[in-house]
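Consider the two complexes below, in which subunit A is the common component and subunit B and subunit C are the respective partners.
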Partner chain A sequence: MGNLLEVNNLSISFTQYVQGLNRHDSKVISDLTIDVNESEIVAVLGSSGSGKSLLAHSILGILPYNSHVTGELKYKGKVLDQQLKEELRGKEICLIPQSVNFLDPLMKVSEQAIGECKDENEHNQKQIRQREIFSKYGLDESVDGLYPFELSGGMARKVLLSTALIEDPNLLIADEPTPGLDAKSVEETINDIKNLKDHGKGVLLITHEIDVALKTADRIAIFYSGYVIEINNVENFKNSDNVLHPYTKALIDALPRNGFKLTEGVQPLGEVTGCPYWENCPIRLDKCENNIPELVEHDGVMIRCFNFEGGK
Partner chain B sequence: MELKAENISFSYNKKRQILKDVSLSLNSNQIIGLIGDSGSGKSTLCKIMAGYISHYKGSVTLDGNKIPDKDFYPVQLIFQHPEKTMNPKWKMKKVLNESWTPTQDLKDTFGLKDNWLTRWPNELSGGELQRFSILRALNPKTKFIIADEISTMLDAVTQVQIWDALISHCRANDIGILAVSHDPELLEVVCDDILMFNEINNL
Partner chain C sequence: MIKINNKKLAKFFGYKAIRLLILLIVIAAISFIMIQLSPIDPVKAYLGQRIVSQEQLAIIGNYWGTNLSLGERVLGWLQTLASGSMGFSLIYRIPVTEVILQKFTASLTLMVVSWVISAVVGFGLGVIAGAKEGTWIDKVIKTYCYILQSTPTFWIGLVLLMVFSVYLGWFPIGLSVPIGQLSDTVTFWQWLYRLILPAITLSIVGIASLTMYTRDKLISVKKSDYFLFAQARGESFWGTIKNHGIRNILLPAITIQFLSFNELFGGTILVEQVFAYPGIGQATVAAGLRSDVPLLLGIVIVSTIFVFAGNFIADLIYQYVDPRLRGEDDE
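Showing the complex of A and B:
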């Protein structure tokens, strides 16, 4: 099993103008480390609006100009710079974008799924594949000639899925592929993602829906306030006993089927000097307030918490 | 108090009817869940009951009386995407106080931090914004809350916090809730009773 994607200490910040010419840097992702192997699905789970999509955008090289990125991305051991990103994206690395606004409003949806072609031959071949994928998702031939504004939310999402799957990528980045879909299409999407895995491909699934992550992923990374605080195997998420971080425990206990347990506290706004969970943590130590813990390994689990450092 | 929708029928265009003879009622001491597939017309029913759509067939009444559309509307709708319901050029303090001025106690119950009030809507997360949109809907004149997928986009921890605060406030102040969701597990824990949308919609 080879390493397909490695993300090491990735940080992303934005420069924004606030009131006139005053500039302000806001950090959205801090020190993110994660890897995806061949035949593996890794889910990044975090609340919406927490900046998860930027991880996807940085892998594809489509961040806006006012962003500032540090850290290292590697694809199959090679450093993923902007040039390599542009070569690979749409071919080996494909994205299922989060928003249906990513569709071109002036292009028929079938042509968007087919994408760029060298000659008519290639176009015809891809058209056959596009038709196959569309019918699998229940989009009949009348949909081919429609423009995005004529689609319902669910249909548009299925078109987005098709645009990514048509190229048969090695690494699929799925950014919130399921919200707004009916139960049957969610099933279908989950199966497709699993199918890629069975064919040796890697998938990075970015989602806020814990159930989707539980049903598909091999490993789940918990994203909190810009930090990955825990990466654990999916079987440990059945109840809160086998996950380590107090926030992960709270998250699992908060599910309706696990008791809908209330945990107080909100994610901090802006940068913190110490552990991002310090304010709400039931097991905090003195040093947590002003020191940020590293992501370390503890019994095969990656954890960012001082309670698990030093072989305790 | 009783909120009653009787024989509601509605269609956006001639091709497809969305609602047909839908009737439901809830009391102000109740939390009723409504579950159904996406695109089945749940949100349309919510908009009709909250007074956003007026050209429908049937009637929506409060204790048997038609709801006047001039004064404060006692049935308040909370949407799935709070960022779409707020003026992006207003700071959060103005957004919150548009309808009424909540007490500090209530702000604490909903976990509203003082330093959020000076922010713009695009500087806060969905969970933070949703707390504002719920609190501003809880004007003392509000008798019923219609919660249309209010926690769908939120993480599980925030989901519990928001429902816990909303339910305790509504129970204490005799406000009824119609909770719309596609998640049966959630409705099972927050509601007194659950209605199947497909069964009440006579299409």
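Showing the complex of A and C:
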């Protein structure tokens, strides 16, 4: 199993002008480290609106111009710079976008799945492949000529998924593939994504739905206030004993099947000087207030907490 | 393939026809009343410098119905109009319909040519500026548009005349036929040659607004999710502009261009005046200055139909070309 994607210490911030000419850098993703292997699904789980999608955008090189990125991205051991991103995107790395809004409203869906072609020949070849993939997902020929606004939610999902598979990529980035879908479609989407894994592909699943992450992923990275605070194997998420971070524990305990224990407190919105969970943490130490813990390995689990540093 | 529901289309046409009819009646009546209330005296305008006695004046007035009440006169005018006659032009001494037909055809070429120029150039510049937003070329195009937008048409016409006709001597200074030649003997190229400068002048103002509109639309499309996704799928820059940008801005741009028919008509009056181009614009000015009431009213009605046609086509495009608006009841 090779390492498909490595993200090392990725930080993304935006330059904004507040109150006239005062520049302000607002950090959305801080020091994010994660990796995806072949035949593996890694979920990034975090609340909606927390900037998870920017991770996907930075891997594909489509961040807006006022963003500032530090850290390192690697694809198959090679550093992913903008040039390599532009080369690989759409071919080896594909995005499965969130919603039907990501389809051109005035283009027939089959043409969108086929995408840009150099000549007639390439177009014909891709059209055959598009038809294959559409039928695989139960989209018959009448769907080919439809426009995005004519699709149902479930059909749109399948079309979006198909767009990513035309080129047979190695790495797929699924950005919130499930919101707004009924239970059956969610189930189908989960199966579709798992199916990709069985074909040797790596999937980075970005979601805020904990159930989807639990049912789909092999490993789950918990995204909290811009930081990844824990990356753990999915089987450890069955109950709160096997996860390490106090926030993850609280999250698991809050699930209905685990007793619905709710914890007070919200994620800090602004920048913090110390551990982002310090304010709400039941096991905080003195140094947590003003020092940010590193993401370290502890018994095969990646954890960002001072309680687990230094081999404790 | 564009699927069109005939029943829906027929309904659309019927509805528009009724609107046009009402509009024409109202416009005809209002413009007639306005002329009646103005100091223009049709009898005096008809007679010109000829000296006639009071009795003869009264006879002519009686014949023309100037002694009737305003309501009766409006009704009479509308009745004549309904019978297809627009009266007799006082200047040209032929029926108004003939004058308009002749002058309007001359202007129509001018308007169509400049309309096409402004559409192509305006859209093209808009796409370039929008695609290259923030670069020097965008700034150049933007500045150019601001200058054009804030400059009156007739002034641009004068400047072009000075530069190209007077200083450089590339183009004639006016008229649609060479001086001393009958209009029947003019060749196509002579005619085209004389059309260039007025057509360019007329197109210039249209270019500025269409360019700014196109640029703005393209920039908002570039910020859309589907544009981002196309980029994420590795489509080339100009590929995304062509496949997603232009595809999504073409319809609104065409619509805007059809809606600009009224500006075109207003512009042609000024341009024809500057270039001494004998079209509907010149006829309008002449009719106004020399109190040719029938011709003036005729032109008002024809221009109403012209502008209505522009709006109608814009509506038609919106309703039937955009797949989202073609409607579910099509199939």
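We adopt the following convention: the second predicted complex is superposed on the first by the 300 of 312 C-alpha atoms of A that agree within 3 Å, B and C clash if a C-alpha of one lies under 4 Å from a C-alpha of the other, contacts with A are read in each partner's own complex, and residues count from 1 in each chain.
Here is the rule we use: a contact is a pair of C-beta atoms (placed from the backbone, for glycine too) under 8 Å apart; a residue touches a chain by one contact, two chains touch by 3 or more.
Bear in mind the structure is a predicted one, so any value in this text is a computation, not a measurement.
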**OP:** Using the superposition on chain A described above, determine whether A:Glu264 touches subunit B (first), subunit C (second), both, or neither.
**Re:** first
**OP:** With the two complexes superposed on chain A, say which partner A:Glu116 touches: subunit B (first), subunit C (second), both, or neither.
**Re:** second
Original post:
Is A:Thr163 touching the first partner subunit B, the second partner subunit C, both, or neither of them?
Top reply: second
Original post:
If you stack the two complexes on chain A, which partner ends up touching A:Tyr147: first (subunit B), second (subunit C), both, or neither?
Top reply: second
**OP:** Based on the superposed arrangement, let me know which partner A:Pro256 touches: subunit B (first), subunit C (second), both, or neither?
**Re:** first
**OP:** Tell me which partner A:Glu86 touches in the superposition: subunit B (first), subunit C (second), both or neither.
**Re:** second
**OP:** Could you look at A:Cys94 and tell me whether it touches subunit B, subunit C, both or neither (first, second, both, neither)?
**Re:** second
Original post:
What is the contact status of A:Pro179 with respect to subunit B (first) and subunit C (second): first, second, both, or neither?
Top reply: first
**OP:** Using the superposition on chain A described above, determine whether A:Ile210 touches subunit B (first), subunit C (second), both, or neither.
**Re:** first
Original post:
Which subunit A residues come up in both lists, the one for subunit B and the one for subunit C?
Top reply: none
**OP:** Write out the stretch or stretches of subunit A touching subunit C in their complex.
**Re:** 57, 60, 62, 86-91, 94-95, 97-99, 101-107, 115-116, 147, 149, 163
Original post:
Tell me, which parts of subunit C touch subunit A in their complex?
Top reply: 224-226, 228-236, 239-240, 243-244, 247-248, 251, 322-324
**OP:** Please give the residue numbers of subunit A that touch subunit B in the complex, ascending.
**Re:** 46-50, 152-154, 179-183, 208, 210, 247, 250-252, 254-257, 260-267, 269
Original post:
Which residues, counting only subunit B, touch subunit A once they are in their complex?
Top reply: 37-39, 111, 113, 115-116, 119, 124-128, 152-161, 163-164, 182-183, 185-186, 188-190
